[in-house]
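Next come two complexes built around subunit A: one with subunit B, the other with subunit C.
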Partner chain A sequence: MEKLTDEKIQKGLEVLRREVGSKLLTHVNSCVHCGLCAESCVYYNVEPNEHFVPAKKVDIVSSVYRRYYSTTGKFIPWLTGARKLDDATIEEMVDLLYGSCTMCGRCNKHCSVGVDIEYLVRTGRAMLAEMGYVPETLQKTVDAAINTGNNMGISTEDFVDTLKWLEEELQFEVEDDNAIIPLDEKGKDIMYTLNPREPKFFPLSISAMAKVFYAAGESWTLSTKMYDVTNYAYFSGNLEEGQLIAQRMVDEMKSLKANRCILAECGHGTRSFRWEAPNYLEQGFSFEVETSVELLAEYIREGRIKVDPEKNQEIVTLHDPCNLTRSGGILEEQRYILSKCVKNFVEMTPKGTDNLCCGGGGGQLSMSEYNERRMRISGLKADQIRKTEASVVATPCHNCVDQLIQTNAAYKLNVKIKTLAEIVADAIVLDNENEENIS
Partner chain B sequence: MFWYQWLAIAALAICMISCIYLFFRIISLGNPPEYARRAGNIGKAVRYSFTGAMSPRQKESAYLHLPTYIAGIIYHIGTFLSIIIFFIYLFDLNIGGWACQLAVGILIASSLCGIGILIKRIMKHELRSLSNPDDYISNILVTAFQVITAVDMIYSVWPAYYIISALLLLYLPLGKLKHAVYFFAARYHLGFFYGWRGVWPPKHIRK
Partner chain C sequence: MAILEIEGRKFDVDGDGFLSDPYIWDDDVASLIAKSDGIDSMNEKHWSIVNIIRKHWEEKGMAPMVRTICQESGIRLREIYELFPLGPARGACRVAGLPKPDGCV
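Up next, the complex of A and B:
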């Protein structure tokens, strides 16, 4: 770890000064150290020791706040456990806030007082980011997004090649040479975004969504310049980098003159662009921002696409991404889609806003330093999936897909992991198909 | 009035001024800025935050820890009752008969809960590691306040009663007991946050 200097300390404390408002003041002063939040944390459930109690994360941020900004903390620090921002504190902060938290927000909901624990974790990460203590692997992901336009570092040439190949596949599948994946077209209703994992590892999810757009007769386009829905600076805590990435998406929406920005199936992408980006940039957007989950539900509800659940016969369960459901309010849409597109749908327990994190949130997937811990906590999700006896796990989040694929392999679940777009695409009945089986 | 009563009144004034300051400071700082398009109803979400979301059925911190949760509720009832009795004494009013017996009964139960919570904090390794001196002092002062209120209702131990009350009132704004103010702000902020995003009031999963 890099040596702590006075300059760094001032930078860290500046974050608390910058953030100070009713919300920060409230949450740094509200925890009563009851410890009853412990069981709501996936880390604690797998490894029940004091290090993983969410209140510890609250305490390390609020104890620093108390030390520098409260009278009691300044003059009698021992009384309230106020801590100096020193090497030991920083080391503990890095492990607690980056290495032991997926920022799933489950503890917020279950806190006996109502402390926004995840908000304090983000504030603590922002302090660490200002001081230069972001884990190297996470910072590399942010750097890739800033330097190349997407967090996987995919070149535009490779991206366009992949899309051209997918377009040919789409035309072959729907037997229509007019089925296209439009690129950089101005004045379309929708600018669709992607998680860069899609072109890199899961291109079929792009063709699935392209098939849905084709079936719906949608006016849409992809940008080759800025298609990355993710913003890992949200996880690292670096405000300036977060602003830069968010601004690029806003600029591209304006440049392509689209009406709606449709966010790919990505929990943190949704959180960071729909909810946080306007705050980063201190401006409301002049265009609509929606998730593809809402769009898919809208297409089915309005009859713009026809689906047949008989085409998906396997037992399907659903993993609710934390940022989409617990912190984003998207709860019914994914269930509506599955109720229309699959024959056998079973819920996990717990589900919805109580669902357990898959383990890949909070930037954990990119922080290889904590891989072992991440895979240990995914055992909880493996148990949840096993109990449903499902053979397909649907989840509207590419981060979750990635983590669930690794969980599937590590815990030998023998299930398939699919996005909602893939499930909808499989269930679509095109006009040129026999309509006898339409539900 | 005796000196110890004046002491308690002075402590009450300091405590109230401090709490009012904390409260108005939070209010004056306003809502956190939210520039994203609102997806829900803030008013309903904040109401839910103070009502339905506090239901023991909604919180693992309650339903997974029922004995502690119930002890906590009784402890808080005892605290509020002790404060009410403090004001009754301050205005020189009387509590007699069955009301006095009922109050003493509740205060004995709540004091035992307070002692139980303190023992749990001392005995349980995880809680001990979370705790600082303020956690112990706060618990001891509040429990002592309840005990002395109950004792005073039977034996009239006025100097001790008013001195302990004064100590509690003077300490309240310094440590975690100020959650008496911040608790409400925390519930408000949580309601505001989830309300803006349309998470609260909760949507129900249709069968």
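Up next, the complex of A and C:
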């Protein structure tokens, strides 16, 4: 760990100072140590050790706060359990806040007095980010986004080649040379976004969405300059970097003069842009921002695409991404889509806003440092999936998809992991298809 | 940093099991890593994918796009996911001895 200096301490404390008088004051002073949050946390569940009780995260941020911003804490630290920001404290903060939390927010929901535990985790991460203690692997992903425009460092040339290739495949699939994947077109209704892992390694979801747009006769485009829906600075806690990434998306929407920004299936991308960006950019959006999950539901509801559940015969279950469902309230749309597109849908338990995190949230997927823990907590999700007896797990989040692919292999579940776009695309009935296919 | 032990051979790896030193890689290492992922013996297609990834990384310093892998190997996309159940990144790139790519993989 890098040496702690006075300058660093001041930078860290500045984060708390910015928040003083606001929400922070309530949440650092509310925990009544009832311990109820313990059982709600995936980490505590697989390893019932006091280190993993969510209140421990509340405590470390609160005790630093008290040491510097409360009178008693300043003068009689032991009385309030106040803690100095020193090397030992930092080390514990890094392990607790980055290494033992997926920012899933399930503890918030179960806390007896409503402490926003996850907000304190984020505040603590922001302090650590200011002081330069972001885990290296997580910072590398943020740096790639800042330096190259996407978090996997894909060149524009590679990006364009991939989309042209997908376009040819699409034309072949739908037997129509007019099926296109428009790039950088101005004045379209929709600017669609992607998670960079799609063009780089998992493009089936791009093809699926392009097929849906084609079937709906949508006016849409992708930007080759700013298509990355992710914002890993939301996980690292670095405010300026988070702002910079979100601002690029706003600028690109304006430059392409699109009306609706449609966010690909990405939980934290949705949260960080749709719900957090107006706060950290200190301005509202001058365009609509929606998720592709809502858009897919809209197409089906309004009859803009025809779907046939008979086309998806396998048993499908659903994993609700924490950021999209628990934090974002998108709960019914994915169920509506599945009810229209698959024959056999089964829920897992718990589900919806009480669902368990897959284990890959909070930037865990990028942090190799904590890989072992991540794969251990994913055992809970494996059990949930196994109990449904499903052979397909649908989830509207590419981050969850990756975690579930690994869970599938590690726990030998023998299931397929799909995005909603892929499921919808498989269920689509195109106009030129034989009417007999529709039952 | 961690140690990955496969059939008595030990490798320094990162937390995700990617080689810490990509230059100790050779065909034997590739076969062993594949084994640890449940691919008991690498067939011609596995090798073709791995060699394309490796060559690309040696020349350009990063993993190729999956499009490049498909087009250079002539293997269809869906088959790549069957050959490497963990996908091109955590599956094939790891077997090819590359460092872990950034992002949601």
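Definition applied: the second predicted complex is superposed on the first by the 434 of 439 C-alpha atoms of A that agree within 3 Å, B and C clash if a C-alpha of one lies under 4 Å from a C-alpha of the other, contacts with A are read in each partner's own complex, and residues count from 1 in each chain.
Note that a contact is a pair of C-beta atoms (placed from the backbone, for glycine too) under 8 Å apart; a residue touches a chain by one contact, two chains touch by 3 or more.
Owing to the predicted nature of the structure, the values given are computational and were not obtained by experimental measurement.
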item: Partner chain in contact with A:369 - subunit B first, subunit C second, else both or neither; value: second
item: Partner chain(s) touched by A:111 [first = subunit B, second = subunit C, both, neither]; value: first
item: Partner chain(s) touched by A:398 [first = subunit B, second = subunit C, both, neither]; value: second
item: Partner chain in contact with A:203 - subunit B first, subunit C second, else both or neither; value: second
item: Contacts of A:132 with subunit B and subunit C, given as first, second, both or neither; value: neither
item: Subunit A residues touched by each partner, larger count belonging to subunit B or subunit C; value: B
item: Partner chain(s) touched by A:409 [first = subunit B, second = subunit C, both, neither]; value: second
item: Subunit A residues touching subunit C - in the complex, by the definition given at the top; value: 137, 140-141, 144, 151-154, 158, 161-162, 165, 195-197, 199-204, 230, 365-372, 398-399, 402, 405-406, 408-409
item: Residue numbers on subunit B that touch subunit A, as the complex places them; value: 25-27, 29-37, 39-40, 49, 53, 58-62, 64-65, 68-69, 72, 124-127, 129-135, 137, 174-176, 178-179, 182-183, 185-190, 193-194, 197-199, 202-203, 205-206
item: Contact set on subunit C toward subunit A in their complex; value: 2, 14-18, 37-38, 62-63, 65-68, 71, 77-78, 85-90, 100-105
item: In the complex, subunit A residues that touch subunit B; value: 21-23, 25-27, 29-40, 48-50, 53, 55-56, 59, 72, 78-81, 108-116, 119, 274-279, 281-285, 289, 326-329, 331-332, 335, 347, 351-353
